[in-house]
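Shared between the two complexes below is chain A, which has chain B as its partner in the first and chain C in the second.
Take a look at the complex of A and B:
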């Protein structure tokens, strides 16, 4: 089959847009992993609940940006509560127990959403409906804005980690938890804060992504799997690597869906993962240790 | 180990076995079916215990081996007529073993969390293939097939009655238990346990750790496939849902609830979980999983040893 140049370009834009959202989800996941050794299985559920909170606030106020901010804050708070109640008691145990505990959390949250909101998908209205012409397609501006916003949030996170007081604390805690504690950094609160930030980022991406597909209780599952792939391919705990991997994988999937159905295009990312594990087990964008 | 403990162990074993043999004669149809199902899920959980409890590797991909066992059996039952039990077993086991070999080759290069995530993603590969390859696997609708007779070619052939099916499943599960118990106590099993305790030292002593891990994954996958074949016989249908990673998650839950590293613990965990689900779903219809999740979290935090964790040493002697 001949693939026209315009189709390729459209898929490139699509890939970058989904890649940026995926990067937003994955950077929260990798932040939590890199700093706390916690594999957060419930990350997809935080994404999904964020979208639902967005739906509710949007219905109440009609303001998309308010909904985005409120959902981020609400889920960040929920993240802090989850951390304090289920993960802090596991501190010092094998990291595998955190997988189990967060798996339990994801069961609870997913079924809570099913109970509370029902199985019918909800819709988030786009904040603006402008479109521009891309070859034969009317391409919505909103998608471009999502990509830019995700980039802005990730950029803000990077600045915060680099220059903010808490950011410095977080990096110090990553390097040496005991020493950081000895220097007077409130390590328990730093860990809680990191989990809250990761959760808030997942919620923000949920609200941003809501208008593109419906919001339903199972939407988190796909995303958490993809985010796991991205995090492993990018190198666990490596923020820049995750972002690069997110865009790389989304682009590949977008191109693959020119030939096969989107459901099968997922296999491409699995193949990337297998190849990465075979040849660069520490991640595609990290120098392999000698 | 003292002689008294051996006696107690085997007496307990015989009593429980006798109870399980008698059970279908007294239980009503629903609970007999339920018991058979517990045994099958228990076997699946037990197979995963080889990795979680004895080698220290948490597999989140057992749904793949289980599912391929089901689909392998389905393939043999649908393509060969008349359906043959032996062929179904063989084909299910071969499918699961092939998947296990594939997964083992890649995933054993990684440790801890990375291993868990890799096995999870591998199981999703199989899920996507089965889900989208509609012409062969029936896609979302799955496959239905009929049960083969319980037969050994040339010797006898018997139709499966509900009771004989239960006894057949029980026999397979008990034999698997004894075999796995023997394996975990063999020198091979000891090496696996030493990998769990201290991988670096095991390697330093000179054992090819990767090879041992690969064999462990394949062994575990093989028994998971066996559970899949039994499930196919019991329910006579195959669906992609069984390959989905949530099943793997449940298997890990069975292990943690029952107590890892005990082999029987996972069966007890499966029984506990399924009973809990049955009980809760009567009160809370489809939202029972909220409470299952809460109980599970509480057990991870407060009872990491599981229900049978206290008896771990004793059960392994």
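Take a look at the complex of A and C:
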């Protein structure tokens, strides 16, 4: 079967757009893992709840951007509460405890959403409905905007980690928690803050992605699974690696769906995951470990 | 506190602390005092609890019994980051530089605190870069790429960023070249001249006797003896007894 150039280009754009959203979800996950050694199974539910808060605020105010900002803040706050009540007491225990705890939180949040909002998917209206012509397709501008916004949020995170006082604190805490504390860094607050930032990023991606898929209580499950694949392939805890892996895997899936149905194309990411674990378990996008 | 006719106000007082590591009893009642601006040495063989004493003062090890006072206030149950802000600097044995942070960022971990003005920050940075010109040359380099001696200097400079009243120095000359050892010796004198107290754990006995004013001898988790460094310099029987050298 011959693939036309225009199809290839469309799939490239699709892959990059999906990849950027995935990168946004995964960077929160990898941030929390890299700094706190917590595998956060509740990340997908923070994504989903972010989308729901977005739905509610959009319904109340009609302002998409306000909904995006408010959902981010609200879920960041919820993240801080979850950290303080369920994860901080487990500090210093075996990682298995935190995995079980976050898994428990994810079940609670998912069922809470089902009970509160019901099984019918809600819709977030796009903030604008403009389209441009891409060969034979009317391609929505909104998709391009999501990709750019995701990139901007990730870029802002990078600048924050690189230059701010909190950035220095967070990086020092990642490298040596005990010494960070001995230098006067309020490590318990740094950890709470990091969890809140990761949660806020999940919520922002939930709201941004809401208009494309519809919002329901189980929407987080697929995304977090894919985000976990990205985090492993990119090298656990490595922010740049996660971003590269997100785009890489999304592009592969987009190209694969030229030949097979999109549902089957998902297999590609599992193949990449298995190959990575077999041949380069520290991650594809990290320097060779010394 | 009165010793040798000199009266100094106690800055840090350790009162009969006991610590455990798992089931093993490490410190069996350590008591000592460090006065303001005083350089105090802590000598003893390997594994007798010298480093643990420093960690207990820094709040990194929690004593099961006994207490630590700082400026007369009990601090035993404060978290380490509060103690650092109160004015206790810690330079651990293995230096524990933040390897992926640049030299300046390593310094910023102690410098970026509330209540320190921009001008004061610049002043403090200039001051330590003046003391350690080699760090100034390498300010953008990652901490992990520095040599052992440079890392030791960075560890001390980093603690100085806290504007501490006392620095806990754990074996600062271990594994260093003689030239570097002399520099460390000078830094201790500089700290003393700035009225910063030092509690120095060392294997290098001559250096400790030269730099320190008073010396505590610790054996199997207990302080057995303490004396003025000036007395020990002329009479080394005690040193033979506790260190076997």
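Going forward, the second predicted complex is superposed on the first by the 289 of 290 C-alpha atoms of A that agree within 3 Å, B and C clash if a C-alpha of one lies under 4 Å from a C-alpha of the other, contacts with A are read in each partner's own complex, and residues count from 1 in each chain.
The rule we apply is simple: a contact is a pair of C-beta atoms (placed from the backbone, for glycine too) under 8 Å apart; a residue touches a chain by one contact, two chains touch by 3 or more.
Since the model is a prediction, treat every value here as computed from it, not as a measurement.
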Inset, instruction - Kindly classify A:185 by the partners it touches after superposition: chain B alone (first), chain C alone (second), both, or neither? - result: second
Legend entry - Comparing the two partners chain B and chain C, which touches a greater set of residues in chain A: B
Inset, instruction - Mind working out whether A:223 is in touch with chain B, chain C, both or neither, as first, second, both or neither? - result: neither
Legend entry - First (chain B), second (chain C), both or neither touched by A:236: first
Inset, instruction - Quick one: classify A:117 as touching chain B (first), chain C (second), both or neither. - result: neither
Inset, instruction - State whether A:83 touches chain B only (first), chain C only (second), both chains, or neither. - result: neither
Inset, instruction - Using the touch definition from the top, say if A:100 reaches chain B (first), chain C (second), both or neither. - result: first
Inset, instruction - State whether A:169 touches chain B only (first), chain C only (second), both chains, or neither. - result: second
Inset, instruction - Would you mind listing the overlap between the chain B footprint and the chain C footprint on chain A? - result: none
Inset, instruction - Show which residues of chain C lie in contact with chain A when the two form their complex. - result: 58, 60, 79-81, 84-85, 90, 92, 96, 98-101, 105-106, 108-110, 112-113, 158-159, 162
Inset, instruction - Under the touch definition given earlier, write down the residues of chain A that touch chain C in their complex. - result: 165, 168-169, 171-172, 175-176, 178-188
Legend entry - Residue numbers on chain A that touch chain B, as the complex places them: 33, 39, 86, 89-90, 93, 95-97, 99-101, 103-108, 110-112, 114-115, 225, 228-229, 232, 236, 261, 263-264, 266-267, 270, 273-274, 277-278, 281
Legend entry - In the complex with chain A, residue positions of chain B that touch it: 58, 60, 106, 109-110, 112-114, 116-118, 120-122, 124-125, 128-129, 131-132, 245, 249, 252-253, 256, 286-287, 289-290, 292-294, 296-297, 300-301, 304
